[in-house]
Amino acid sequence: MFSIQIDEQLQLKLLQEYDAEELFTVMKGSKESLREWLPFIDSNESAEDTLQFIRSSLKQFSANDGFQTAIVYKGKIVGVIGFHHINWQNKSTSLGYWLSKDYEGLGFMTKSVRKLLDHAFHNLKLKRVEIRAAIANNKSRAIPERLGMTLEGVSRQSEWLYDHFVDHAVYSILVEEWKIRS
Amino acid sequence: MFSIQIDEQLQLKLLQEYDAEELFTVMKGSKESLREWLPFIDSNESAEDTLQFIRSSLKQFSANDGFQTAIVYKGKIVGVIGFHHINWQNKSTSLGYWLSKDYEGLGFMTKSVRKLLDHAFHNLKLKRVEIRAAIANNKSRAIPERLGMTLEGVSRQSEWLYDHFVDHAVYSILVEEWKIRS
Amino acid sequence: MFSIQIDEQLQLKLLQEYDAEELFTVMKGSKESLREWLPFIDSNESAEDTLQFIRSSLKQFSANDGFQTAIVYKGKIVGVIGFHHINWQNKSTSLGYWLSKDYEGLGFMTKSVRKLLDHAFHNLKLKRVEIRAAIANNKSRAIPERLGMTLEGVSRQSEWLYDHFVDHAVYSILVEEWKIRS
Amino acid sequence: MFSIQIDEQLQLKLLQEYDAEELFTVMKGSKESLREWLPFIDSNESAEDTLQFIRSSLKQFSANDGFQTAIVYKGKIVGVIGFHHINWQNKSTSLGYWLSKDYEGLGFMTKSVRKLLDHAFHNLKLKRVEIRAAIANNKSRAIPERLGMTLEGVSRQSEWLYDHFVDHAVYSILVEEWKIRS
Amino acid sequence: MFSIQIDEQLQLKLLQEYDAEELFTVMKGSKESLREWLPFIDSNESAEDTLQFIRSSLKQFSANDGFQTAIVYKGKIVGVIGFHHINWQNKSTSLGYWLSKDYEGLGFMTKSVRKLLDHAFHNLKLKRVEIRAAIANNKSRAIPERLGMTLEGVSRQSEWLYDHFVDHAVYSILVEEWKIRS
Amino acid sequence: MFSIQIDEQLQLKLLQEYDAEELFTVMKGSKESLREWLPFIDSNESAEDTLQFIRSSLKQFSANDGFQTAIVYKGKIVGVIGFHHINWQNKSTSLGYWLSKDYEGLGFMTKSVRKLLDHAFHNLKLKRVEIRAAIANNKSRAIPERLGMTLEGVSRQSEWLYDHFVDHAVYSILVEEWKIRS
């Protein structure tokens, strides 16, 4: 209901409790593809689990520590994007996202990331936004690269995915760079 | 930033911490007229006080217990509207609102209330919404009357306003009534 | 143990943990008649549930936010009466009560309500006390009417009772009215 | 208001917030004599401090961990008595008390202690109650001795009183002993 | 890992979460002998229970309210010793301990108690340390007696052990006494 | 008091409340040199501030989320080292440290880091430890380089230091690498 409008068909809707059922269904529909790169798929077994996730992200929002939004296309949830945490002392945050496999390749994520970068630098007055993606996750890495973010390095064995560690490519963009680009 | 769009120029924006300065300024500008019917004006002496109000309303939101939004006209805050509390057991809530004196008479509040009634009955699946206004507060009472809400009675000496009690006219609308009207 | 004495045989005893067993038994004995107007009967399935209720009412008491007492006749619990919540800003509260079916018609409730009104206006310095009862609950409505409280209106579909909503008759009494009557 | 009746003129009233002013005044009136044996007199400088004490004792009560009552004689507070803490695992507690200097020698404290011992053993089903008093505090020690409690030993340098330590005489009574005596 | 060194082979190691498995195994191995005097053996049925104990003792440590350490001999846990609670107002604490039956009679406990007394008086600046042991628990009572602590009295029916109460011998040592002895 | 022994003269002592005074004095003595790279120097104005830091690090320790230790040389505090946070899901942590200017160049920090790496991989079973240092902070960067840690990249404008941002060199070491080296 509470949304950031991106264009006529696309919006970022703050996740609320009554979204749990729909969000769970979307995640279940893309379970195979999501599980390849997201660590929390196996523990999200019911709408009740998804509700717990939404509740904890609402607490995060009310603590001014980031938020999670649904990417909504023509009224339907097609993915999730949000800030994991906001470091107010150093004025930085990091972005995470996933998209239903049925809506890949349509530019939704690039638009969504661009909108949240704008929010981070313009409304929240942050100075740095980071995006991390597994080295081999080409679809995810394509986003920061398309947006001209800087690859700062590789964080080795950075995340545990069910039965193995993956290395993370670390990208960042600073407020000055964003201003030039906008 | 996170908003419910009403029409091209009007939206209900979930209050966030970075709105404190602007909201305080608006309240200060209408201090005289707001103080006539709102009990919290005298204790709202700085943007820091307004920030505390916003923080407590964000906690309310994250607890799924209602929320407070800024009424935004052409990008500027002109008032506040929200649900005070949600009684999930009995599926009811109550609405409160105020408008800057400079934007009265333009139909903003009627549109805003209508939008939130829609949200209450459609998204939140509530069954009853209440509006209370002081007996002599004609501008405020005009809203539920214009929307065809039912006057249920008068709650005597219901609210303390600085140095005297006021009686409240109690209006309600039920989901069935809303459906017929929409 | 901690009691307000009403007369030689009747007292209002602050509910404590060791009352759970007796209170549960009384509620079970009147289950049929209580269930007609009270929403919490079906979820009170054991003395453990009653203990939870007592614990939460003790928290309410220690937060200066009202309390729940057992109506005790000749040493036996025969009902419950208490203040649901105290609104200190507006100096008001509301009263709720129920009586075991075996002790109806003896004037216990009228005496108990009168005693708590006295406590509200005299000790707590409140200005307004409200009583709500379902429209068709004649026994409950008889109390505020007998005490000369004012019927302020009808709150429609105000409470969910297992499978249907009921409308509430809303009564109130103000401190000035109480002083005249006492 | 919520009281345990001892006799026609004496009662133990659960301390509530609205007692703060009266209790503070009583303590101030006996400041000299109370300060000799009580450690908290110097930090009780206003009715606000007394209110904090009452609030913490209400939390103790609601946690089923003991309570503090005012000793009330002919409607006036003349002292305080209560259980410091209840050890439910070992079914024991300890009693503390003080009396305004103007009401000493009238047997109030002996009656009050006797009543609370009855409460501890009968209602709370405890097995052991302890009373500690400074070795040289003859008035306080007279109570457990009059009640036939057993002197178990001396706890050396047990309590800090502003500028020196005092040794405590430790008395106890067990449920079997109480039953014989009652 | 974080330890107080007693001698080349003996140390007191602050209990941490990763000690749960080893500590549980040691307790299980001495279950028969420990159960005679310790009340918590029957409820310690798995390493998970031991982990809960460790977590609560870490909270105690972080609140500056005492701590629990493993007695470690040649790298192996052979017992536990710690301060139950610190009374900062009166500058006192009490010591509790147990030893695996396989390591009795080697002087470990006397050395451990001596070390913690030193810590209490020297680092924590306390004035009094108490040790309580069941009257008939000769092994436990031998420690304070060997260290010249004073027997202050007998606390009757002081502790519930599964199916009976035991009386406690109460020993103490004051800082002046400790200084003379060291 | 609770320490990890490094060698005869050097140990890592878990910070406790009674260390506040000494630690504050050490920080004040090196204020000029510490302020160049540490963000919290200006807000550490008294032993009371240092006590708050110690308390929060004890909470961190009791939550199994890392800890802070004093580097102690011949019984005197000469610096601080600790884990900022432990990510148990991904089995990683990061190390931070500082040394009094009077004790630089003696190899204390290299020994301390080596000891904590051992603790992280051996006791805590972690898989990855990270060290971050400002690009121009040569003394700090020398430690991970001396230990053969891998420079993974540069985190741009990563930390706010009073009036400017600094870039961080990010180093890591994995458990396999540590095993080879040990």
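Just so it is clear, A, B, C, D, E and F label the chains in written order, and each chain counts residues from 1 on its own.
In the analysis below, a contact is a pair of C-beta atoms (placed from the backbone, for glycine too) under 8 Å apart; a residue touches a chain by one contact, two chains touch by 3 or more.
Please read these numbers as outputs of a predicted model, since none were measured by experiment.
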Each chain counted as touching chain B and chain F at once: A
Path length in the contact graph (chain A to chain E, fewest steps): 2
Interface with more contacting C-beta pairs, comparing D-E to A-B: D-E
Rotation, 0 to 180 degrees and nearest 5, that superposes chain A on copy chain D via CA atoms: 180
Copies chain C and chain B - interface residue numbers shared by over half, same or different: same
Separation of mean Cα positions, chain F and chain A [Å, integer]: 32
Where chain A and chain C are represented by their mean Cα positions, the distance between them in whole Å: 51
Between chain B and chain E, centroid-to-centroid distance (C-alpha), Å: 60
Residues within chain C bordering two or more other chains: none
Touch-based graph of the chains, sorted into line, ring, star, complete or other: ring
Complex contact set, residues of chain A against chain F: 39, 89-92, 127-128, 130, 150, 152-160, 165, 170, 172, 174
Contacting residues of chain D [partner chain C, same complex]: 1-5, 14, 16-18, 55, 58-59, 61-62, 64, 119, 123-125
